[in-house]
Structure formats: C-alpha cells, structure tokens
Amino acid sequence: MATTNTIELSAAEAFKTRPLTPLQRVHRVLHLHPEISPLIVLLIAMFAFQLANDRFLSPGNISLILQQVAVVGSLAVAQTLVILTGGIDLSVGALMILVSMVMGSLVGLAGLPGPIAFAIGILVGVLAGVLNGVLVSVLRLPPFITTLGTLSIFVALALLMSNGVAIQGEKLGGFLLWTAAAFSVGPFNFTIGVILMLLMYLGMGFVLHQTGWGRHVYAVGSDPVAARLSGINTRRVLMSVYAVAGFLVTLSAWILIGRNNAATTSAAVDVNLDSITAVVIGGTSLFGGRGTLLGTFLGAITVAVFRNGLSLARVDVLYQTLAIGILILVAVALDQWIRRAGVKG
Amino acid sequence: MATTNTIELSAAEAFKTRPLTPLQRVHRVLHLHPEISPLIVLLIAMFAFQLANDRFLSPGNISLILQQVAVVGSLAVAQTLVILTGGIDLSVGALMILVSMVMGSLVGLAGLPGPIAFAIGILVGVLAGVLNGVLVSVLRLPPFITTLGTLSIFVALALLMSNGVAIQGEKLGGFLLWTAAAFSVGPFNFTIGVILMLLMYLGMGFVLHQTGWGRHVYAVGSDPVAARLSGINTRRVLMSVYAVAGFLVTLSAWILIGRNNAATTSAAVDVNLDSITAVVIGGTSLFGGRGTLLGTFLGAITVAVFRNGLSLARVDVLYQTLAIGILILVAVALDQWIRRAGVKG
Amino acid sequence: MTAEPILRARGLVKTYGAVVALDGVDLDLNAGEILAVIGDNGAGKSTLIKCLTGAEVPDVGTIEVAGREVSFRRPQDAHAAGIETVYQTLSLAPDLDIASNMFLGREIRRRSPLGGVLRMLDYKRMRQLAAENVSKLGVRTLQDITQVVETLSGGQRQAVAIARAIAFGSRIVVLDEPTAALGVRETAQVLDVVTGLRDAGLGVILISHNMPNVFQVADRIHIQRLGRRIATISPESHSPAEAVAIMTGAAPAPGPAVDAQLKEARP
Amino acid sequence: MTAEPILRARGLVKTYGAVVALDGVDLDLNAGEILAVIGDNGAGKSTLIKCLTGAEVPDVGTIEVAGREVSFRRPQDAHAAGIETVYQTLSLAPDLDIASNMFLGREIRRRSPLGGVLRMLDYKRMRQLAAENVSKLGVRTLQDITQVVETLSGGQRQAVAIARAIAFGSRIVVLDEPTAALGVRETAQVLDVVTGLRDAGLGVILISHNMPNVFQVADRIHIQRLGRRIATISPESHSPAEAVAIMTGAAPAPGPAVDAQLKEARP
Amino acid sequence: SGQSGSASGDTIHVSIITKDPSDPFWVAMIDGAKKEAESQNVEITVAAGKDQSDSDGQIQAIENATARGDDAILIANNGPAVNDAIKKAQDAGVLVLALDTPFSPANLATATYATDNFAAGQAIGKWAAGALDGQKAVIAMIDLFADKVVSVDYQRDQGFLDGMGIALGDPEKIGDEAETGTYSGGEYEIACHEHSDGAQDGGRTAMEKCLSLNPNINLVYTSNTAPGLGAYQALKAANVDALLTSINGACEDINTIIDGKFGAASQQFPGKMGAEGVKAAVEYVRTGTKPKTDNADGFIDTGVELVTDQPIDGLKSVTGADAMNACTS
C-alpha cells in the first residue's frame, strides 16, 4: 500500500513540478500577481511608443501625460466606486460639466468668492449624486438607465444655465484656478490638479481597503442579496456610494476648470466612456465586487499613454480611432489571459 | 382543533380578500400582466401629447412616428437579443453605418447590382457580429468593453472607407432604396422599412419564444454557469447571438439607407444608447434572462412618441433633452413599481 | 416557569402572488430551548424563518421578542435584537474572504486613533477571531482564513455561515438546514455547538430534514405542513416515525394538545 | 463477470492554484451498481465528479467510458456519452420555468413541419413529460410546472434537477448530495428511484453525507480524504461507524484490499 | 419690417434646426433669430441634431416641424441625408432656408445665409503667411474630429492651408498635403494634425501632443474658439510663443483678439444669419416675396471678417476693438 500511496502522493506533485514552457512561466508569475497585469500592458505600450518616438519617455512628455490624465483619471475614481457596487455611472462627465459651470458662474457672473462657490459646487455635486443614489437604491432603477436619464438632465441643465457661454479664466479668481498651478520636481512638471488626482486615489484607496464602509461596498457589489441578509444596509451603502461619487466628481470639475482655465460646457462628454474604459482596463469587474483603485489608475494612465503615444508616433487621426479600439481589446484580452487559471499553479 | 384550523385557514384567505385602495387595485391588475406596463406608460404619454397638440394623433403623424422609429426600433431587436444574454452591444450603431457605407459604396462607386451589394453587406455585418462573438465568448471579454472597442473600430473603418463622403440616392439604385418605398393603408402611410422592422420583431419574437435556440438564449442570460452545466454550449449560443445581431443590424442599415435616401457616415452614432433605452424601458433586464421583444417594441415607440410629441408641443431642444431624461426615469420607475410584488395577489 | 417566550409569532401570513407560503402560523420559542421545525419541501419553513428574522416582511401577523412587539424591516433589525440566522441560501459575499464575511456589517476597528478617527479596520484581530470561530466547527480542510468564499466547497461555505451566526447570536440563533451540506463529523460538531448555545440560555430554531438529528437535540418540534403549523410535538411524546407521519399527512395532527400539555407540564 | 467497468478513471489530478482538490484519484463504476462517494467537506468529492462529467477538465488523468477513453471538454460531451449529473450547486436557469429547465439543451420539437422546418417547440408535450417526471419524486407542493425556478423552495429545485438527470441518464447517473435539501419522504422516494436505475442496469454515483442512506443503497463505497481515494469498501465488509472512522482518519485505510477482494469474488 | 395690420396678427412659426445643441456658435445664431423674432410676432422652436454628424436627429426635427405646421424651417444641415426630408417639407408648403452650411445641392434651399468656411480659413491662412514674414512655418493643425468627417472641419482646415499658399491634395480630405514644402512666404513643416472634438480641454491636449512632437511650432491653426483657447493654455504652460489663429462665432469670442490670445481670427456672424433668416421668413409668409439673392444658388453671404490687432499689408482686416463695437451694436 505504501508504494501506491507514494505514487498517489506524487501525482499532484509531479503535475506541479512538470517542466513549463517559458510562456507558461510568464503566465504563472503574472497569474499569481494579477494586480500587476495592467502594469504589464502599460509597460509594453510605453516601450513600443518609445521605440516609435524617443521623445515619448522624456520628462516633459511624461509630465504632460499626467496632466492630460488628471480629469479622466479623477473621474475614474468615482466611476470605480460605482462599478464596484455592480452599477455604472454614465452621468459623471455631464455632472462634472454642470458643477464646473455652477462654480464658474457663481464666481465669474455672480461675483462670489471662490471657496464659497466651490462649497456650493460640492453641494450640487453631492445632491446630484444623491439623486442617482435615490433612484438606484430606493426606486431600484437599473444604474445604467438611471444615469442615462440623469446624463440628459445634467447636460440640459448645464447648457440652459450657461446658454453655451464659457467663463474664461480671468474672471474665475485664484481659488478655482489653483488646480492649474504648476511646480517642478527635477525635470518633471506637476500641477496641483495632478496632485489632487493622486490624493483622490490614495484617499479612496484607503477608505475602500481599510474601512468597514469599503468592505460593504465590495460586499454589495459581490452579492446584494447576501449583503442584505448579512445585515448590511445595502440601500444606505448604495446611496452613500453615489453621493461620494458626486463629491469626487466635484473635485474633477475643479481640476477641469484649472486645465481649461475656464468654466465651459465645451468639454468632452466622452470622458464618461473614457472613465469606464480606464476602470475596466484596470481589471475591475463590471459585475461588481472585484477590483482595485490601483488598477483603475494604471488603466487611466494606459489610455492616456495610448492617445499620447499614437500622436507622437504620427498616426493619422482616423487611424488613431482604429488603433485605440484595437488596443482596448488587446489590453483587456491580455488581462483576461493573465487572470485565467489556465496554468495550474 | 377544527375551529383553530378554520381560523388558520382564513388567515391567508382573509388577507387576500381584504379591501384594497383603488391604487392597489390598479397595481394588482398591472402586476398580474407586467407585459402591459410599458403600454401604460405609452398610453399616458400619448394622451398627454394629444392634449398639447391635437395633430398628434392624426393618421399622418402616427405614420410619421412609425417611420421615425424604424431605424432605432430595428436596432433594438438586435440589442434585445444581446441584452437577453446578459451582454450589451455598444457597437450596433457604428456597425449599421459601416454596413450601410459598404452597401452604398459597392453600388454607388463600384457599380455592383443592389442585391449583390446587399449580400456582401450581410456578410460584413455577420462577420462583425462574429468578431464581437469571438471576443465575448472565446476570449471572455466583458461585452461592454468589447463593443466599446469594436465601436471605435467600425467607426474608423467606415470613415477610412468613405472619407466621410456620402453616396446620394440617385446612385444607389432601386434595391437599396426599396425600404423607402411608401404605400397607404387608409389614411395611414407606411414604408417598406416600417414593415421590415415589424417583420423583424415578429420573426425574432417567434424564434425567441418558439425555438430551442431562443430558450438557450434566455438560459445563458439567466445563469451562464447553470446553462453550461445543463449541457448548453454557451459559447456557441453567445457566438450565434452576436452573429444574428450582426445580421439584424444589416437590415437596420438597409432601413437607414432608405430613410436617408443616401449612404452616409453622418447618422447618429447615439442610436446605440437609444436602442438600449428602448430595450430597458420595455422591461428587459440588463442582467439578462428576462424580457420580451414586445416590450422592446413598446419601449422604442415610447421614446419616439416622446420625441415627436415634445416637438409637436413646441418644446425647445434643450428642454426636450431635459424632458426626455426625466421621462426615461419616470417610465422606468413606473415599470419598476408595477413589477414590484408590493401588492400581494 | 411562567417566563415569556423569548420569541413569539402569531398569525403570520406570507403570500407570493398566488402562492400562499405561510397561512397564519404561530410559533413560540423559549430561552434555553431548541425548537426544531420540520416539514416537507415547500411547506414554508424557510419563509417562516425569513419572516421571523427580517429577511421578509410578513403580510399579516405579529412578532414579539421577549414580550415586546417588534417589526423587523430588514435583517439588521433582527441582528440588533440579538437574532442571528443561517439562511438556506447562504448569505456570503462570494468575492470577500472568510474573515471579511464573518465580520460583514460589524467590522472591528483598531483601538488606536487610527480606528477611532480614520476608522481603520483591525484585520489581524478579525482574522484571528474568525479562525477561532471556524475551528470550533472542526472543518479541517478550511485552513486559510483569507481564502475567498467563492473558492470554498459547499460544506466549507456552510461552516463559515454557521460560525458567523454562532459568534454573534446573543439571544436567538436560527439555522435553516445548517448541516445539509456538512460531513458526518462536521454535523456532529455543529449539533454539539447548538446544544452548547441552548445550555448557555439562548433560544435556537433548527430546521432540518434529518430526523435522527432532530430527535437527538430538539426540545420541541414544530411541524409545518402546506404553509401551516399542523402540530407542535416533543421528542418524548412522539417517535420519529410518528413525526414523519404527521408531517406527511399520513397520521392526523395531535392538535394543540401537545402545546397545552407542555404548558401544563411546566408551571 | 469480467465485464469492463462502465466508467473507469485513473490518476485524476485537479489543482486550483495552490489548492490540490484531487491528487491522483482512481475510480471504477460498474453497470448496474450504486457507488457511493463519501468524505469530509472539501475532500474533493464534487471536484471528482466534475472531472468525470465534463464540468471541469482534469489536469492529469484518464477517463474511460465502457472501455473507450474519452476526453470530456464540456458537460454535453458527457451527456452524449449517456452520463447525467445533478451538481451540488444546482444547474438550473432561475428565470426559466420548470419544464424549460427539464428539457434545456434537448428540447422537443413539434412533429409537424412546424417542428421540422420552423423548429417550433412542443411546449405541451414537454410540460406533460416534465410533470410526469417530477411527480415520480413525489414532491407534492410542486404543482405548477410553468412556475419559474427562481420562486421554488430549495428542495423543490433539487427535485427538478434530479428529475432531469433521471429522465435523460441512459448509462450513468451522478448525484452530488441530491437529498441534502429534501424532506424525509422525498429522500426515500429519490433513493427508491436510484435503486430503480441500478436495477435497470445503469451505473449510479451517489455522493452523500448521510451514512444510513449510503449504507441502505450503495453496492460499494468510495472514501475520499484530502483529495485522495483512501479506500473503497463495501457495506457488507464495513459498518457505518468504521466507514466514518476511515473517512475522518481515525482508523487506517484498509488499502486496496477491498477492491482486490471484490475483484476476486467476481470472476 | 412691417409691424402693421393684419399681416402681423397671426403668429408665424419658425423652426431653427442646428447641427448640435451645445456649441456657442449655434447659441449665437439662435439668439440672433430670437431677438429678431421678438418684434415680429414670430414663435421660434429650436431643434438640433445630437452632434455634428446626427442627420437622423435633424430629419426627425424637419418631419416634426412639418407635422406641426410650421411656416418656415431655418436649418444648418448635418449632411445630405436630410435632403429628402427637406423636399417633403417643401412639398407641404414650408419655406426652407439654409443657415451657415449650404445644402448640397445648394439650390435645394430657397436661400442660403452663410459664410464660406473655406474662405474663412483662407483669410487666417493668408494672415499667417504674412505675419511670419518669410520665416520657416512650423504648423500645428488642430481640427475638430477624429471619429467623424464633417464639412466645416475640412473646409476650414484646407482653406487655412490654401491661404498659406500650400498645395492641397484632395480639398475634402484633411492631412493629405506634403508634410514639408514651401508656402507663399518660405518653407513650411506641418508638425501635427490633431483633433479637439471642438472642446477646450481637447484643444489643450491636442496642442500639448503637438508640442511634444515638435517644440519649435510657431503657427497654430484651430478650427474654432474653444479649442483655440485650450491651445493657448498649452502654449502658455510650455512657454512657447506661436501665432495662434482660429475661426470665431459669437461676439464675446472677439475678446480672444483684444486680449492678445489669438493673433488673428476669422469672425463669422451666426447671429446675423439667424436674424436675416427670420426676416426673410416673415417677409415671405406675410407678403409672399422670396428673398432676393445675387446668384442662382440663392447664396447670401453674411460675411467673414478678419479680426486682428496685427494687420498685414494688403490684407483687409479690422481691429478687435472695432469688431467688438460693430458686433455688439
């Protein structure tokens, strides 16, 4: 019997110690550390773009990429939060524009001091978030359609309020434009907006992973029925998530004002889809319950790197659209391959 | 004991025969027939719009609404199919434009006969659907991000192919424009495009409810793991759903050519969101497994009625955007209320 | 013993559309007692305990905890009243690990200002407590408390849910077929723990289809049939075969006699 | 009886990352026999049958059905080979009704051209057959065959899954804890049906934690422990207590002796 | 126009259909029309495509205007897909006037109140060629869209290059010119073609990318004011001194010249287009006279003005201050 047992013992052992192809080895390492998979995509992309144009990795260009990603990157924080609960927020971009117009008008047209206008902007953002939250958690409307509806509402309100007129930087005062203030660290050049975005990641990362509320967000996204039966007030969690998202969007609006040096409705509403793309490339599940802000950050950077790198590689605009479509697919497919339990550990 | 039993027997009976408020009565009736709930929304809207402008219910305007809904309505058939599997297809609008440009170019520029161009168009549509299908079912990418990627690809291809130049009706020949042919039934005025859309609903409705494949589509959307364990080839079902969606989009492209009397890239890419809105207002669950084409049809008509009715009521475009946002929310909330098992049967 | 029952339900009705799941059910649970609930599939056992623990709101009927009428709108209302439940469809978040699931909704914060001000969680302590609670149930294959619930076997998940209920139940613990997925040794261990809870003065409701188990630990047995409580018997007064006969309708229900008789026997 | 076993597995290994769920398991199932598989929670029973029925692909190992090596990539490969399975996590589509679930993947079409050309389904017939199959299991609360599975009680769902496996299994039926959620009467009925299958010459694999049930119906008992087959015994050679002792490691495994002894007893 | 008598008694219903609902250019157009309408007993209903490539939205707007019995439609069309619907509207007796963008064919509309976008581009191109004064031109082209092709986009882009004296390829295609060569004043190099989606942050990002590609850029074309302002931010942040040109719409856009942010801009007058359109519609409904036009296509040029505070010899231009006075008066 002893022999049989030894053979049986070795069955799994033998399997585990079998020789692997180099690809399998790579896969195994990546699979054991799924959080680095977006990093891999990013590094490959950066390497390729550097080959195409050696200015790509210059400190100046890297500083620029960070500034370019600040708006979408900060929106992606709010988006991650919502997606972790199994929802989706199509209204973040529209709300950002609405809030920036509110803050801009209060300073530029009504002459209020910046901090007060900012506070009112926060109020508007949070109230809009609460509106989404009530619709999703109390009336139980699907988040997709809820935020599709509020998207229309926020866009219409922003346009009706501003009548399409932008408020330029000269009228906005120092406070609202503070996010544009730049400073240098060695050869790199940052703005307060970039720092604010990074702080949003750090702060929400802490909250998500170190507090009970963060655990509840994951639990609600993972299985809302189970979360409710476990004694979590799922309604309150959802509501607070949308409210916090509204607050975070307010910060994005601040960054946006700084970047535009203006409060204007003429800002890409496409940032919605960009923020979702960042979250998904970062490995967060659209079904909720699974994902990290670190991943989202890498995802946002990846999209920005693609857009910047393709330009620097002198790819024609129409081909850029094509290339970005393909690269989204490749990035997510690679991520999926890495996560698959294909190579047995 | 007998007495106790009688009392206990009557406990549920008594509850069931308790007096109801009129609202509860309405709710109960609607709840027993959830399929009519989108109809209710629709009827209320139509009544209100007729009050605002008495031309609204004129045969001419009703014919017009049907023609206006034909493109989005037919796209919503494909969208329903995909959403029933728990997916979402953001690329339908872009694919429709790509296919219409392929068909238009083949006839208008290459001089091929209409039916052959149409057949090639179908091939392109189905291949594009298969591409989506492979990405979703074989590579297991999330449908949202997959179709976001292919959306960019299809848009870019359509533009690269045509450079944005439209091919006008004169060059398109009778076959491609046949969907624009109009005929009268009493005071009403239909086009072949409208009939084609109705046939798409009837045909796919039959397939979904009367064939095994239809059952499998619902099963895969309801619980993909369970469907797989039940012996359904979930991969093949998903693949076929996206391929069929690609085929249906080809028909939408045909309707679009007729409606525009041209093949052009300048047609709303937003029809994506419109088609999703129609599906959701029609009561289909974005989580898959639940919904009907009849609901989608009513949903599409509802959106079209809103747009037309608001226009006839002389509501400006920004207020229309606002109103449609609100009405989406109200329609879905009403639907949700009706479906809720709040009033016990 | 004229003490109030710790849990008393009267005339509970719950309907789902045309389906009558509960048709006027009464239930009494005393402190320091194990009340088994048995009945055929679909007899309304799970619905009954859902109504008792806030997971569902009954259409009609009253519930009292220790003599005070309560109206639970959601599970945490019941938690607050000291009632913990293991539902038949387990209430675990599949993407979270065992420790997080154990403490879901009542996480432990750090004692330092980090916990007070920043509300930081004390993962170390939660993991340690979770490991202790799970190990009480003796599921030996469950070693890594940071394993994600999704990767656990059916029985392992069950064990996590039971461990949670036992750890937090201060007055009443309700278990809906807790040992259905458990192995022989694990089942014995759970029954041990359940008797321990009774001895500590808690009220326990145990739903099970396993008659030997029921008759081994129950003090009284509530028999549910077609949405109604058809009888409440005691293991001393009836044999398992008789209980099954009553449950399936093969034998007539003894009527409220047992209840009465129990009450008489007590004072 | 030198007949080939109808199902033979050799050296099955299945790992999930660092977890070794199966560590080189062998299994033999003869036609006309009920093979029980017992073991602690997490011992790898479910993983074993998933590998045997195409739900998972083993990392290493061979499977033969009636002497021919097979390689199941997905459940329908196993269906095609005449193997039907009730998985522990039930494989029912919650949004479909009972009849649709029963016939999922093998719907019956109408006989008329409507079925041949238009591929129309024969709902009437499917409902009727589904009702017949379910009623065999005697779950009386299950009346409406058009009820959506989501609204069924745990045991009712279990019954639907079992009815499906029994209706379609032509060679081998595999049941993973089929009676865990079932009532006493329903359990008896399922065991009846299972013995009926054996008598009809099918091979049956039955996973259960219920020793009385196992010893009542099993011809041989495969004991799984920590991912390995530790022994295969027979109800005649060992008592339930002995089986549990082996299973939990309290007693040494008898080694392949039983297998050998069975084989010797046969020729 | 006639305020008197029964003619002004009935309310005239006019639809204005713009390309998209949000661009300030359309807002200015609508404002101009509404101002005119106030005094004329005209009710204006505003509709729009969802974006600059949404023909279907415009078709529906045309159909709805026809269905509710409007007297006139003023439309900035998104493409020839609307032509069929326009014909049907005309068959139903609705007066159709084109604003900003001529139909193709242009004679579809009874009259067209527009400016030539190609000419608007040309004007700033010519200015830039003169302002560079023989230096090598390193040009950044910041266009509108990467994911759609619209006429304004290529007309302005190509007009600019043509004005510079650069040989065009296909005048309906952006980016098919030689990357280097000679313009009317010397050598040129096109450093980049980027897209802004017409948005301010889009313009900034586009400019930043261009500067990463070539920090020596000394001339920037932007398709309209908002991306121009974004590009200005990027130039300022990078401390690059380049001539910035754009095509403006609303009066307040002239501030970009007065502030010195833009070197030169072609000023269009959307408000005038709207006002003239309403006037013509009123005239037609009340008196039956169609607007008088100089040519067969019914094209009425509402004018482009080159606005700059750095005039070039031989190129007609106005200063920012004068332009602002004229615009707001």
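Here the chain labels run A, B, C, D and E in written order, and each chain numbers its own residues starting at 1.
Methods note: contacts are C-beta pairs under 8 Å (C-beta built on N, C-alpha and C of every residue); 3 or more make two chains touch, one makes a residue touch a chain.
For reference, the UniProt names are A, B = ABC transporter permease; C, D = ATP-binding cassette domain-containing protein.
Because the structure is a prediction, the values reported are computed rather than measured.
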Discussion item. Taking touch as defined above, what minimum step count separates subunit D and subunit E?
Written reply: 2
Discussion item. Please report the smallest number of touch steps linking subunit A (ABC transporter permease) to subunit C.
Written reply: 1
Discussion item. Quick check on subunit A (ABC transporter permease) against subunit B (ABC transporter permease): do more than half of the interface residue numbers occur in both copies, making it same, or fewer, making it different?
Written reply: same
Discussion item. Measuring between Cα centroids, which chain is at the maximum distance from subunit A (ABC transporter permease)?
Written reply: D
Fill in: Centroid-based (C-alpha) most distant chain relative to subunit C
E
Practice prompt. Round to the nearest whole Å and give the separation of the Cα centres of subunit B (ABC transporter permease) and subunit D.
Written response: 42
Discussion item. Using Cα averages as centroids, what's the distance between subunit B (ABC transporter permease) and subunit C in whole Å?
Written reply: 46
Worksheet item: For subunit A (ABC transporter permease) and subunit B (ABC transporter permease), what's the span in angstrom between their mean Cα positions?
Response: 30
Discussion item. Quick check: what residues of subunit A (ABC transporter permease) touch more than one other chain, meaning two or more?
Written reply: 155, 159, 318, 321
Fill in: Contacts with two or more other chains, residues of subunit D listed in rising order
16, 89
Worksheet item: Which residue numbers or ranges of subunit E touch two or more of the other chains?
Response: 21, 147
Fill in: Complete list of chain pairs which touch one another
A-B, A-C, A-D, A-E, B-C, B-D, B-E, C-D
Worksheet item: Which part of subunit B (ABC transporter permease) faces subunit C closely enough to touch in the complex?
Response: 1, 4, 7-12, 14-16, 341, 344-345
Worksheet item: Which positions of subunit A (ABC transporter permease) touch subunit C when the two form their complex?
Response: 206, 210-213, 215-216, 218-219, 221-223, 225-233, 289-290
Practice prompt. Report the residues of subunit C in contact with subunit D in the complex, numbered from low to high.
Written response: 16, 19, 39-43, 46, 88-89, 139-142, 151-156, 158-159, 177, 180-187, 209-212, 226, 244, 247-248
Worksheet entry | Touching residues on subunit C, where the partner in the complex is subunit A (ABC transporter permease) | 55, 74-76, 79, 85, 87, 89-96, 100-101, 104-107, 109, 118-121
Fill in: subunit B (ABC transporter permease) contact footprint on subunit E (complex, rising order)
13, 18, 21, 43, 45-51, 53-57, 59-61, 63-65, 67-69, 78-81, 83-84, 147-150, 170, 172-173
